[in-house]
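Just below sit the structures, each encoded as structure tokens.
Note that chain A is present in both complexes that follow, paired respectively with chain B and with chain C.
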Partner chain A sequence: MYYLQLVINGIIAGSMYALFAVGLTMVYGVFRFINFAHGELIALGAYSALFFTSPPLSLPLIWATAPAVACTVCVGLLQDRLVFQPLCHGTRMTLLIASIGLSYLLRNAIQFGFGSDLLSYNVDLAAGYEWGPIIVTRMQLSMLITAVVFLTFLYWLFTRTMLGKALRAVADNMELAGIMGIPLGRVNRTVWILAATFAAVGGILLAMDTSLEPMMGVINLLKAFAAVLLGGPGNVWGALIGGIAIGVAENLSVAVLSPGYKDFIAFAVILVMLLFRPGGIFSFQKGMR
Partner chain B sequence: MMGSLKKLLGLAIVLAALPVWAQDAVEVGSITPLSGKLAVYGEGFQRAMNLALEEVNAAGGIQGKPLKIIFEDNGSTSQGSVSAIQKLITVHKVPIIFGPAASSNFLAICPIAQQNKVVLIGAESAAADISQCGSYVFRVFPSDILQGRGGAELAKELGYRKVVLTYINNDWGVGLAEAFKDSFTESGGEIIDEFPHEEGKSDYRSEILRIKQSNAPAVVNLTYIKEGAAMLKQAFEMKVKTQWIMGSASKSPKLVEIAGEAAEGIIGTYPTFSQDTPQYQHFKTAWEKAYPESKIGVFAEYNYDMVNLTAKALNLAVESTPEALREALMEAGKGYQGVTGDKTFDENGDVGAVYGKWTVTDGKIVDYRK
Partner chain C sequence: MDYLLHIAISTLIYAIFAMSLNLELGYAGLYNFGHIAFFGIGAYTSALMAVGGLPIPLGITSAMALAGLIGAGLAFTVLRLTGDYFGIATLAFGEMMRLLFLNERWLTKGPMGIPGIPRPTLLGGMPADLLQYLMFTVACTILVFLILHRLETSPFGRALKVVREDEFVAQAFGKNLLSLKMRCIVVGSVIAGLAGALWAHYMTYISPNDFTLQGTIIVLLCVVLGGKGSPSGPLLGTCVVVLLQESLRFLPIPTDFGRHVAPLQGMVFGLMLVLLMLRRPQGLIAELHGGRGA
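The block that comes next holds the complex of A and B.
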């Protein structure tokens, strides 16, 4: 039962990593670079929600979510427009470095606006739901439901809509997709909108669960990064499974390893994958992009 | 050609004049976490130091010259602290440096200060190892050995013979846990389970599950504000019924603000000092006047004492050699009654301490009384 509980905790923690990893890997799939500023989108989502719940607006958190996500999406689109688009003909290295710079810029902007002190939404606490020896907290349940809803939406978008098909085509080969008349601008914007939305929603949940600080995104980006590598860069479903796998491995490790070294798992995954399977665990087959 | 030469000459004159202008003030350095994970505390440290600085300068400064603190941000990391101290020593050539918070960061720069004969003073670093850093290293904050003993005594006093021990996985946490363990087991206590936890995580549920499994009546959790708040919240949601015993680093209104209801009833130790002294009353009024917007920060009193004590030492020093400054600081500390009590340094540059108990009642941090 103890192990089952650890696995459940792992799946839920992992579903949050997956939410971040999916955005990261989508951007990689289309633009071929790892966006280091993705972590700041997570923090930005959380901080925008704080802005809307604080005076003068004082919206309830649930109503603050939509405008907060909208703000984050705007920043995501602006990132693309002002930084990545002008550099898109440069090397991947240029984009990567630009994203690192952008990450610092955004983080410091958050610190400038909100200070570096810990902040919180002041959500009421509630005791968890118990099923026999298994306990799942309300927060965990919200995380799980959100992840399921958003990822199902993504599945539907990718498999049932023209836009999703276009997205996959662009990820496969941008030039060819352009030649075939797929509107690249629209697809690019969609990728940024999706990535920013997922990051913002995840960020808000994370902040509800713990607290807000400018560094909050950076810490989680590492896990997302490991998930992306595990699933194979650019592979959306790989990132999803990768995120959950890392969450489960991390939480199970608490039973055997010292919890003081939880991050070790993510680092080990990154190393092992880069050394032995840089294409991800699904590299033997062509993942769905 | 002539134009640019003139400009260059002008620039050279300005540059040459700079150090002369700077020498009008007595400069000391401070390595402060103004960004990164400890920035939560850093701003408060800086406010406290600036408060003392203003008072020192209003009272005539150092032998007629104003005192100036050069703040260097260390990004809350050891690497950042090392670059900061190197910059302070080589570029600014300061004789006294206020060390960074977090014992790991402090320990990283100890040997550099000792080697370069620069007086290093800490106002937050508690690791037991710092006592062995060398003759140029001082602190106005008591060593962990004392706090570890204080925590063990508290657990015993509350009647807990069996506890789970968890601590943050860094120099400070490990050192404090060792000190607690030694003292607790020596007096017949038993530690049922012991594990470190990682800094900066958002999910501690599996660690808490381990606590829940052990059915411990009390858990000694030596951690910081953010981690402490997250753990308390998640433990509350997971219906863990236990007595939390915490250290001084989590004693903050922030912890209560974030953890809310979950923080009710936790009990902790902290190095204390009387709030009835005229020194404390003076500090409190001055703080409230200078910073009406913000509460007195964690360790603010220690930072305030550190600057005042340094100013006293600089005024006592007959010359500005490292040895003279070191001796002046020893001398200044003798019987010095600061906001945080007696600051007499022992041969390791350490001060003594009195430990108090705190608890959270109705969302407020108050002194614990049975």
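The block that comes next holds the complex of A and C.
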């Protein structure tokens, strides 16, 4: 029973990693670089929700979510406009270093504005449901439901709409897609909007369940990255399964290892996947490195 | 005066560290984002041996040896990756090492860190004061600079540059890629270990918080700002970064603003990295092309 509880906790944590990983892998799929600043979008979503719920505005959390997500999307689009677009003809390393710089800038800006202490929203969602020895809090349940809703929406978007088709085409071959008359600018903006929205929503949910701190972005980014590698870079469904796998593995590890090593799992997954299956567990052809 | 000495010593130690990263990043094009781990390994090895009562020169030598050994192990495992994947794998390695420092309490005392690391003693048995320690660091820096300069202008250094520019060409010339990169990482790790050991004996206190991702980002900035692939670039870059860091301290700011200074520094450094990539990716001192030795 103890293990079942750990698995359930893992799936819920994993669904959040999946939300982050999906955005990260979409950006990788289209722009071919690892966006380090994706983590800060997570933190930014959570912190701007905090801003809208605290005194000068004091909105209830439900209403604060919309403007918080909007803020994060703006930052995501600005990132693209000011930094990544001008560099799009540079090497992948240039983009990676620029995104590391951007991540450092944003993280410190958050710390500048909110301090580095642990903060939390004033919401009480600890009430839970019990089935025998298994306990699921209401918060965890809403995390899971939100993740399912968002990922279903993504599935619908990718498979049933023209925009989704265009997105997949651009991810496959940007030049060719442009030649075929697909509006690249619009598709690129869509990718950033989706990635930022998913990151912000996940960040707010995670902050409701635990707490806010400036480092939350980096930590979750690395887990999301492990999920991306598990699923195969650029593979959206792989990222989903990868996220849940990381969440479950991490929570189960607590039963064996000391809790201080919980984060170790994600790093080990990153190393092992890169070394042995760089194309992800679902790739059947030889992966690109 | 002590303050100036402090700045000089930490600049030099960071310069040694930056030079070791430059060998990997600038010459061989290996973007090692976990380099801080070797700084940490050096610092912990030397500190633990010195606290345990062993002579400091032995500690520093073993710090370098262990860093080199672990560097060889890391190189052996991750060298088949290239470009950004190599970067991410080394980043994961760096964070894993930090978690080890944090959790292996029996060895590293965990988050409490190791206090009371002795300074090196002079021949007379007196612990070195700041000025003498500065001399020692200057000597180390010059030595490292000369060794690296020698390496970088040697056939080995030129081969590394060819590897960086085009691996197929290097292979066509009969160069053993794996062995070249491996030696490069081992040398880089040994020097980073030396920098870490110097750091530990200078600060007399270390904790896992000294070896985080932040350190990696700062030293990356030092190398990229100064100019990767140029021998004196990292020296200049480190001087600029430390000067900036220290001058922000002297801004006329109200005292209750004090807690904002560190994030402000971070914002400036992050912005510098972004602007550098946008405006001058080659850094302040651009690498010479087609000069002597090319």
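Criterion: the second predicted complex is superposed on the first by the 283 of 289 C-alpha atoms of A that agree within 3 Å, B and C clash if a C-alpha of one lies under 4 Å from a C-alpha of the other, contacts with A are read in each partner's own complex, and residues count from 1 in each chain.
Keep in mind that, in the parts below, a residue touches a chain if its C-beta (ideal position, glycine included) is under 8 Å from a C-beta of that chain, and two chains touch if they have at least 3 such contacts.
Keep in mind it's a predicted model, so treat the numbers as computed, not measured.
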Overlay on chain A: chain C relative to chain B, clash or fit: clash
Which superposed partner A:C74 touches (first chain B, second chain C, both, neither): neither
Quick one: classify A:L59 as touching chain B (first), chain C (second), both or neither. neither
With both complexes overlaid on chain A, does A:I34 touch chain B (first), chain C (second), both or neither? second
Pick one for A:G115: touches chain B only (first), chain C only (second), both, or neither. both
On the A-aligned overlay, A:L163 touches which partner chain: chain B = first, chain C = second, or both, or neither? neither
Identify the partner contact of A:D209: answer first if only chain B is touched, second if only chain C is, both if each is, neither if none is. first
Using the superposition on chain A described above, determine whether A:N9 touches chain B (first), chain C (second), both, or neither. first
Using the superposition on chain A described above, determine whether A:L87 touches chain B (first), chain C (second), both, or neither. second
In the superposed arrangement, does A:S258 touch chain B (first), chain C (second), both or neither? both
Which parts of chain A are in contact with chain B and also with chain C? 108, 111, 115-116, 258, 260-261, 263
Would you tell me which residues of chain B are touching chain A in their complex? 34-37, 39-40, 42-43, 169, 195-198, 200-203, 205-207, 209-210, 213, 225-226, 229-230, 233-234, 236-239, 254, 257-258, 260-262
Residue ranges of chain C in contact with chain A within the complex: 31, 77-78, 80-85, 87-89, 91-93, 95-96, 99, 102-103, 213-214, 217, 220-221, 224, 259-260, 262-267, 269-274, 276-278, 281
What residues on chain A touch chain C, complex-wise? 33-34, 83, 86-87, 90, 92-98, 100-109, 111-112, 115-116, 218, 222, 225, 258, 260-261, 263-264, 267-268, 270-271, 274-275, 278, 289
Once bound in the complex, which stretches of chain A touch chain B? 2, 5-6, 9-10, 13, 108, 111, 115-118, 120, 122, 124-128, 130, 135, 137-140, 206, 209-211, 213-216, 219-220, 251, 254-255, 258-263
